[in-house]
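Consider the two complexes below, in which chain A is the common component and chain B and chain C are the respective partners.
== the complex of A and B ==
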């Protein structure tokens, strides 16, 4: 455990700790481009040079290990001069096209220039080396070599994390450029992490491109519901519209975020997003649709069934359980879901595509109900006339329900999710628009947060259920999300 | 003085006739530690340019029989103004092979590689033949001279990059990767070729080893001066009457090399400057050059370096701005591009020199050149940036008048 001092403050760190990490422990930030905590050390950008007393030269903080008695200076004139110089070198061949660059506002060159340089460039602008401007480098990424500072984070990410090694530094010297290997594309399922990793505007997201300025975006921490892994993310939004999802690195689940997860926000403002209900494929306001649904439930008394969903929050499943027990007053309900869980690609993607299989167990524990097998058998048996469930969960019983000609009441957010044969489709708020509790494959219980408002008149599913029950003459008193969790034992 | 290295013994029989491979026989009767001790006594310093004590370098290899270790000979002679290793390989290849066998025995390496500059096709063919001859006689291969020591030796041709003369870039290239210097530590003595402990020595360094083992470290040290033991090959280029490769004891006055051995300046030309150790080292004015001795300490005291021993002679008909432009073009072309200061700085220097040389610069360009070079110094993974910056700064310091004339519009036009 070497003891060292950094800028006059002493710190004890485990053997093998680098100066950059040791400084971080003291809250001292050392600027860096090529260094990334989850990638191998490259040591080439030279931005993290610091002064070590008695060392003949400045050393890279990212690669130099702390040693007993070391005295490190991170802000001496020598260090500051080295940073100014590195920044000047980096900028001489940079196009300075910030006004049309998506990275502006969150750019390592802009930020460090303001923090560590502010020096006027002594380089003649007409002398700049020109490189290839934007070109698609895969389904999600745009590559602009002229903005690149050759930190090689992208190359190392593809080599070390996805192990797909699509990228390489071609040529040498100031002719160097990042390129795809022949015949390759960045389609490894994690490519958008490269847009996050890239400290400048060389790799940008094709999806986010030219949509919003980074400084306008508000950031809401929430959970990705793309699979049972349940990654922590941030939804970046502005004036009620989400523009992108980025990972919120945490020790429990994720540093990165997969491309599939990143695109899950698209459904929120998709063209087929339901702002009203459907009865027999015809658009109708929610209130009359609920009255109609209540009437059909009344008709079918004793022959109605309710199926929960591992795609819904614990609150919404609990609300469906209450609907079955206290409003429809039937024992024909099921909250029994199971799936093989675990990371299937060695990185993040889970074997279980549903985000809340584990969460439905708590609902089942409190409310009981049929097993999925019994429930499917019940549907196939022909005694059930009407089924209430969520669109994706319907997929689990579709064959049995179709064969028996059961009338379908489907909760769906997008028209495309709902089966064409549905009698009623009831819209509800997406989990980017409302809080919901989810339990991931590790048993971690996490909440989504409302980043944006739902479309006018659209409510959380538990609230829709509450209203449906009241049209049927039962008061469930589900007037808040926590109320839906009443009596729930996690 | 009799030369030690520069002998014309290209085939093995001639080498035998001069007592060749006796040192290897002697070495195999010694303990590895005794050989390293002898090397330390000899004050043999690395002849590739950095001048690191060879015995000390060998002693960094973890002793003991476990694990693979490698010996690599750096024959990627690319330093402008340097052409001694080529000469050695052509004239005295068995001294290198014998030196490598001794070195490999001393450090416990069973495999050796000679990484030869790509352009050296004839030299590679000759080395391959010499290695085959040595193998046929039992000096290379399994159970060398019945000692139980195995040593395989291979040649490998580079692909033409100057940077591959940097020892860790050479290792990358030898492993089949792009030639780019590695971040140090770890140093090659602990983690070198294929991740194993490795010694990398220059051709001239290794070729000096047999004579040290045969005659003793003290004998070798006494040939030179102070901490600079032995003789050194000097490659003289430029307008002297007899340019070429000379083997002289370290400590020989540079004046003697130029005036006696090289026969003075050609056609009555006047000496203006000398770059004493290959293009990467600071330049000396004529006055400084004629007062300095050719050894590591004296040249360091004069503000330059012995380097590779590439002595570049510059007469007063040459333009220093033009010469620096030529150097900048070279280093700009050869920078590997990993480290920001080198990648961007070399090209920037070239651009400023281009406009100065063409008479289109301004007075501010001279300080700009100096400060760009200063910003590259000591800030990169390897020494290539320094190799560009050191000449640049010394040219400006010592010949500022010529730069000022160009800034004021002078055009040399050559």
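== the complex of A and C ==
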């Protein structure tokens, strides 16, 4: 356990700790481009140079291990001068096209220039070496080699995390640039992490391109519902529109976020998002649709069934269970879902595509119900006339329900999700618009947060259920999400 | 023309590979071997080598493009490689390059129509003490002046200069 002092403060760190990490423990920030806590050390950008007493030259804090008795200075004049010089080098050939660069506002060059340099360039624009401007480098990424500072974070990410090794530094010296094989696309399923990793505007997201300025975006921490892994994310939004999802690194689940997960926000503003209900494919306000649905339920008395969904929150599943028990007053309901769970690709993607299979177990524990097998058998048996469920969960019993010609009441957010044969399609708020509890494959209980407002008149699923019950003559008193969780034992 | 590693090459390659503890260590010697055989390292050769050594293609390409010693296209009979690094630069390399461009009427990276000359500027040749230096195929010509360069060109034009592998 070496003991050292950094800027006059002493700290003891485990052997093998680098100066950069040791400084971090003291809350001292050392600027860096190539260093990334989850990638191997490269030491190529030279931005983290610090002064070590008795060392003949400045050393890179990211690659120098702390040693007993070291006296490190991170803000001496010599260090500050080195940072100015390194920035000058990095900016020699930089195009300074910040006004049209998506990275502006979250750019390492801009930030450190303001922090450490503020010096006028000594190089003429016409002397700059021009490199290739933007081109698509895959389905999600734009590559602008002119803005690149060759930190190689992207190269190491592809080599060490996805192990696909698409990228390399080609050529040499001031002619070098990042490239991949001609004709090959950067489509390893995690490519958008490179846009996050890239400290400058070399790799930017094609999806986010020119959509919003980084400094206008509000950040709401929430979770990704793309699969059972349940990664922590941040939704970046502005004036009621989500523009991108980025990972919120945490020890339990994720440092990164997969491309599939990042695109899940698209459904919120998709063209087929339901702002009204559908009865026999015709758009209709929610209230009359609920009255209509209540009437059909009344007609089918004793022959109605309710199926929960591993794509819905615990609250919404609980509301459906209450609907079955206390309003429809039937024992024909099922909250029994199981799927093989675990990381599929060694990084993040789960074998179970549903985000809340584990969460439905708590609903089942409290309310019981049929097993999925029994429930499917019941549907196939022909005694059931009407089925209430969520669009994706319907997929699990589709064959049986179709064969028996059952009338379908489907909860869906987008028209494309709902089966064409549905009698009624009831819209509800997406989990970017309302809170919901989800339990991931490890049993971690996490909440979504409302980043944006739902379309006008659209309510959370539990509230829609509450209303449907009251039209059917039963008050469930589900007036808030926590009320839906009443008696729930986590 | 699809490139295939010949059985003969595979044998040599396996022998070279066995000398090193790791596959990537054998990459440069094998690239030299390809260049010796074909005169240059083609894209397809990079692909084949990557498969042979179980390295990513990008790694092979990065190494080939880093070193100016590897030709990525067939070169002329005489490959003129003028050092552009600091010692040679200060000792007059830019003048040599300008003279060659003018006399051969080609730019760097280009080959004359008769296939006789290819002109390149290259990184340090490790002969700074004798700057400026030009390497022609495998042979160094040191302490060059414009006059010496003109004489050399004449010799090459008349086939009076032996510079290594090419004049077999």
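Methods note: the second predicted complex is superposed on the first by the 488 of 490 C-alpha atoms of A that agree within 3 Å, B and C clash if a C-alpha of one lies under 4 Å from a C-alpha of the other, contacts with A are read in each partner's own complex, and residues count from 1 in each chain.
Operating definition for what follows: contacts are C-beta pairs under 8 Å (C-beta built on N, C-alpha and C of every residue); 3 or more make two chains touch, one makes a residue touch a chain.
Note that the structure is a prediction, hence the values are computed from the model and not measured.
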When chain B and chain C are modelled together on chain A, clash or fit: clash
For A:129, is the partner it touches chain B (first), chain C (second), both, or none of the two (neither)? first
Residue contacts with chain A in the superposition, chain B compared against chain C: B
Who does A:86 touch here: chain B (first), chain C (second), both, or neither? first
Is A:58 in contact with chain B, with chain C, with both, or with neither (first, second, both, neither)? first
Examine A:290 and indicate which partner it touches, taking first as chain B and second as chain C; both and neither are also allowed. neither
Looking at A:180, would you say it contacts chain B, chain C, both, or neither? Reply first, second, both or neither. second
One more residue to check, A:167. First (chain B), second (chain C), both or neither? second
List the residues of chain A that touch chain B in one complex and chain C in the other. 169, 171-173
So, in the complex, the side of chain B touching chain A is made of residues 161, 163, 178, 183, 332-341, 343-348, 351, 368, 375, 378-381
In their shared complex, at which residues does chain A touch chain C? 159, 165-173, 179-182
Can you check the complex and tell me which residues of chain C touch chain A? 43, 56-59, 61-62, 65-68, 123
Of chain A, residues touching chain B in the complex: 41-47, 49, 56-58, 60, 63, 81-82, 85-86, 88-90, 92-93, 122-124, 127, 129, 149-150, 169, 171-176
